[in-house]
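Next, two complexes with chain A in common: one pairs it with chain B, the other with chain C.
For the complex of A and B:
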């Protein structure tokens, strides 16, 4: 048992160890290679890191729930783009013309509602048809992206509202708006997954769906709720990000699903479900952004980021497998 | 390569022990999507070479990989690193405006390169250095119209149009220049269909394959750049459809060769080396306090089978 606990602790700690390694490497390398006079671990730079992690990070929290649940959602990037379009476009609708700047919260709510509905639709199809979530959301990824292109052709959808930009750029207690949302979502999902019945059911279903059904958990509605949550969070990510940028390309959010899944897997969530932690995912998100930022800081080619993350992902999964095998063997003896 | 360059630059810098630090200009660049096509790859190489050749300049060269969020993060990083000037090749001409404003507020001049940001951001940018894409689109329309007149089909010719990456200002401006100018010079020529080819040769070839199935009569193809134009040409060749007039923009080596072979009619000559050097020079001029026009265009002339001898084959 002790060995099992040890390997668990190692697995949980792996991502943080990796982050420390990155920090040390980029701090030392930055001394020699960076043009910047300020240190890599400068407080402002680290706060900026937290803010830049928000778009991927907020969605990754939802992906953790869905993956622990034994499912996956490939449509988050497309949902992200649709929510962004709803957010920016609804501000120009004539019915809201009388609202002035009060149109902003209305647009936020509309975007979030659309994201939640699209997520729930995925969940409903998975529930009612029993088709694997991978296939359902692969279809949704293509379909939702199709809607994005139908909406405005190849053109970007834009609405630059400086009040909105100022709101998004505002800082409270030294943290940017986006950082607050990332931290808030992390805390909320952590609470959901560790302190509520819903969270415990998510682990139970992901671990053994049949046993969960036998235990009286209503698996279908449970999964529907989780897909609605990730849809909501994909929309929230879009709301946070596009409030600050005011224009969405029809191909924005492409490959986000892969970055998000990478962050979740780096954070130790099992791709087959049943195990994983929100805090680990947070670490995975930070690790990816740290790599992007650090390699830029030392002047390395941006494309090396993808290579390095790919190698690390495989290394993490290999390590995970080794630790699991060792844990099981110890139990047998 | 970049790593080595910066390593070399910084060791040289250390050797000088700070004596030259006041003179050196730190310039950061965030590019759109290096590696997606040979223009952007050649641009990056030319930019690094030009920066290396100038002892007063140190550069941080970044690439957004086509992702707006990553480009905004890179802008924030460059502001954080306190560079002297930022050159941006926007992934989206509007989405980056707040980030450009942030740099402006931090007192860092921003030079927009290759494709401009939207007008709402003009107040925050020091200068735009790049080609005049609307004129390029218009010139492409003129090349095509002149050829139709020579052939005597300007009364009934039908044209299909393959545009660049969706949402991308260059794509939108070239399309606008072409579509506005064509009815002025050739009022009886119709544009029967428009589809994006994403600056990608394979994508463009697929788009053209679909056009060829859909339309029995196509007299001309306008593609947003030669890379896509050659993709369309390949589709027409494979389908055995002759006599189509292909006009592109940004003359690539493949387009130049196809012109020499007589398959491809014309294009707009635009050198990424000129583009990169103009961007760096604009940034240096701004930092040295020289008077720089806000729209700092470099010339991009027409090139067709008739006058291609006057131009060197593009290196990319």
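For the complex of A and C:
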């Protein structure tokens, strides 16, 4: 076995091991602590969990590419909220009044286009100004959120289209619409990252930007495309979620960027870029949702859940570091 | 006077890692006032031995004696306290801090309430700097110093303790010739003070210039210690690699082809001016000069990384404008950069992906990568260049320097360039692989590539080049053919002495 292969395998498997541990813990603890009669690992409960993972999960796939590419996007929560408003509000616009239910695809497309454009704008600024993505998207996070509040003040934006709600609440082969979108996006991004040149180049740029430039890869357009993708996915996530709920508060999507980054990092993507996988991110998303749900199942409140997830994030990264550092004589800090 | 006692003695050191016997019974001693070279190819165990000495690795067997007292080292701090000081190849300085703060980092003199005693700090530092005969003072910001002067700061740090042995690890790797002279003076001073010095380097000229004895490691085994005065490069090399090495000069032994690259009056601000030269197919043109002479900048211009301010670039007689590396690659120019790990390779990627990086887009089938075709390319160049790796899945970061360089060369050959620019082809590569790379460069010329080699090592330039362009301070001073060049005339040309000749 080659040096590094063992630890690589452990790292890749770690998130799934963690998920199994969570399942066992909550099943056992649930027997004693849960107020409900049903078991934690009940099929319906697990399917619900997958559905509830979708909003964060869909965005996390985009964050995986962006982070592997060596960037980060903090504006996804705000983009999510803007896309939601565009979706719900545009269905009430007079010019679309004659469309009947055909307004649905139009509203979807509009929301997705807006998300894609906002993402691309981030990418363009990062590319053309050379300012760090962290700073650019921090600015975008504040700015885009500002736009959300400008639109309707503190008031929610609501519109219920029952055809759309039916569509969003539909199930196909036992899986909810949102779950299908999550799985579809995961598969698509997995293909993008492992089978296409764009994906290969994203890894190369994130790992060693200068070497990528020297190999003739045009770094700027790649970053632009990746930011456009995450913008699109943030909008898709909003579209899927708000088709069902029908009402968006101006604060919706806040802290989503942090949940998404947490899931991606738990899934093994390096924060400095160059390494990471979509499958790992999927594991990270599920692990977080399990934790939220599991802690709820045994009676913990939201604040406890946040505390525990924060601690686990640090613990996991510490473990990961230990696995990586061993035998590499890294400097002690 | 009685026989001097060794300041440092390593006795039968054994260190094994899973699957490797990194050090297999290594013993050697350093006498006071001695410069002791430690030589060996990459992977011979030099670094491991130094890590054992510095307390970073614990030896499985064997003992370390300082001043004939057995010691165990638990870490670099303890080694330093015992008088064993390391000057690392990679400088570890805080650029934003002053020279004084760097030298006494972690040991700043204190006043009451934990305040730093700046007066005392400056005095102590300036006293040490005076000993080193340098031209900066305690208050200088380290980031403002040249690499050579930064190294002096590292050395000054070593002098704050009562050093018994100082270990220099490839100290001249990034120094100019003038700076080397200053370094060697400092080493001579240390030597005169009775300090034992271990000098690790690949550069034979230096070893023979400044060391008293040479100890040689090969594959973790101690090969012996020889007096420098009683040996020569050839036999040392033979001890290092266990076979003979061909270092003789080669004249062009094939016909030159068409003109591949011509540069006319190329200038780029203050970096270089009025550069004109030609490279034919089948020819290796060496570019020799001091660091900062403008050679790398010319290569970067030809590869589209810099825009020239004036002049023309002609490929096969046609004037071209090159705006980006992608442009250069499309026109058949390839650059093997100076900093292999920083600019040439994606270390976290595997061998195949690195090799096909510039053309993965051309290979794709529909939207997807053609991994089979990529593997075929990798296999082809692995065989052609004799790249030793367990397979294409191996991460490039795990390969030796020589094999990494071959991956970079293979990457460009697979693009079928006409002009291959190689910047410092053997920097940080061990002796055995070095000669393989040299041979490869000659072979590539024979196969019809136009090859430009930029090198700061005179033997290398002399060995591989058909013609040598000598540069000084952004200008071409003279172009030599391999028949007329002598070491003396070359040195004169690159030091700005003698007349300037148009190339």
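In this section, the second predicted complex is superposed on the first by the 324 of 333 C-alpha atoms of A that agree within 3 Å, B and C clash if a C-alpha of one lies under 4 Å from a C-alpha of the other, contacts with A are read in each partner's own complex, and residues count from 1 in each chain.
Criterion: contacts are C-beta pairs under 8 Å (C-beta built on N, C-alpha and C of every residue); 3 or more make two chains touch, one makes a residue touch a chain.
Note that the structure is predicted; figures quoted are calculated from it, not measured.
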**Item:** chain B versus chain C as contact partner of A:69, first or second or both or neither
**Value:** neither
**Message:** Just checking: does A:48 make contact with chain B only, chain C only, both, or neither of them? Give me first, second, both or neither.
**Reply:** first
**Asked** Once the shared chain is lined up, is A:293 touching chain B (first), chain C (second), both, or neither of them?
**Response** first
**Request:** Once the structures are superposed on A, label A:195 by its partner contacts, choosing first (chain B), second (chain C), both or neither.
**Result:** second
**Request:** Give one of first, second, both or neither to describe whether A:244 is in contact with chain B, with chain C, with both, or with none.
**Result:** first
**Prompt:** Which of the two partners, first being chain B and second being chain C, lies in contact with A:204: first, second, both, or neither?
**Reply:** second
**Request:** Could you look at A:179 and tell me whether it touches chain B, chain C, both or neither (first, second, both, neither)?
**Result:** neither
**Item:** Larger contact residue set on chain A - chain B or chain C
**Value:** B
**Request:** Could you say whether A:213 touches chain B, chain C, both of them, or neither, answering first, second, both or neither?
**Result:** second
**Message:** Under the contact rule defined above, give the chain A residues that sit at the interface with chain B and also at the interface with chain C.
**Reply:** none
**Item:** Residue ranges of chain A in contact with chain B within the complex
**Value:** 32-38, 42, 44-45, 48, 51-52, 55, 149, 153-156, 158, 160, 165, 169, 241, 244-252, 255, 289, 292-293, 296-303
**Complete:** As the complex stands, chain B meets chain A at residues 1-3, 5-7, 10, 26, 34-35, 58-70, 72-74, 76-77, 80-83, 91-99, 101-102, 118, 120, 163, 165-168, 171-172, 196
**Request:** Under the touch definition given earlier, write down the residues of chain C that touch chain A in their complex.
**Result:** 17, 51, 56-57, 303, 305, 324-326, 328-330, 335, 337, 342-349, 353, 357-358, 360-361, 364, 367-369, 390, 394-395, 398, 411
**Prompt:** For chain A, which residues count as touching chain C in their complex?
**Reply:** 2-4, 195-197, 200-201, 203-204, 207-208, 210-218, 274-275, 327, 329
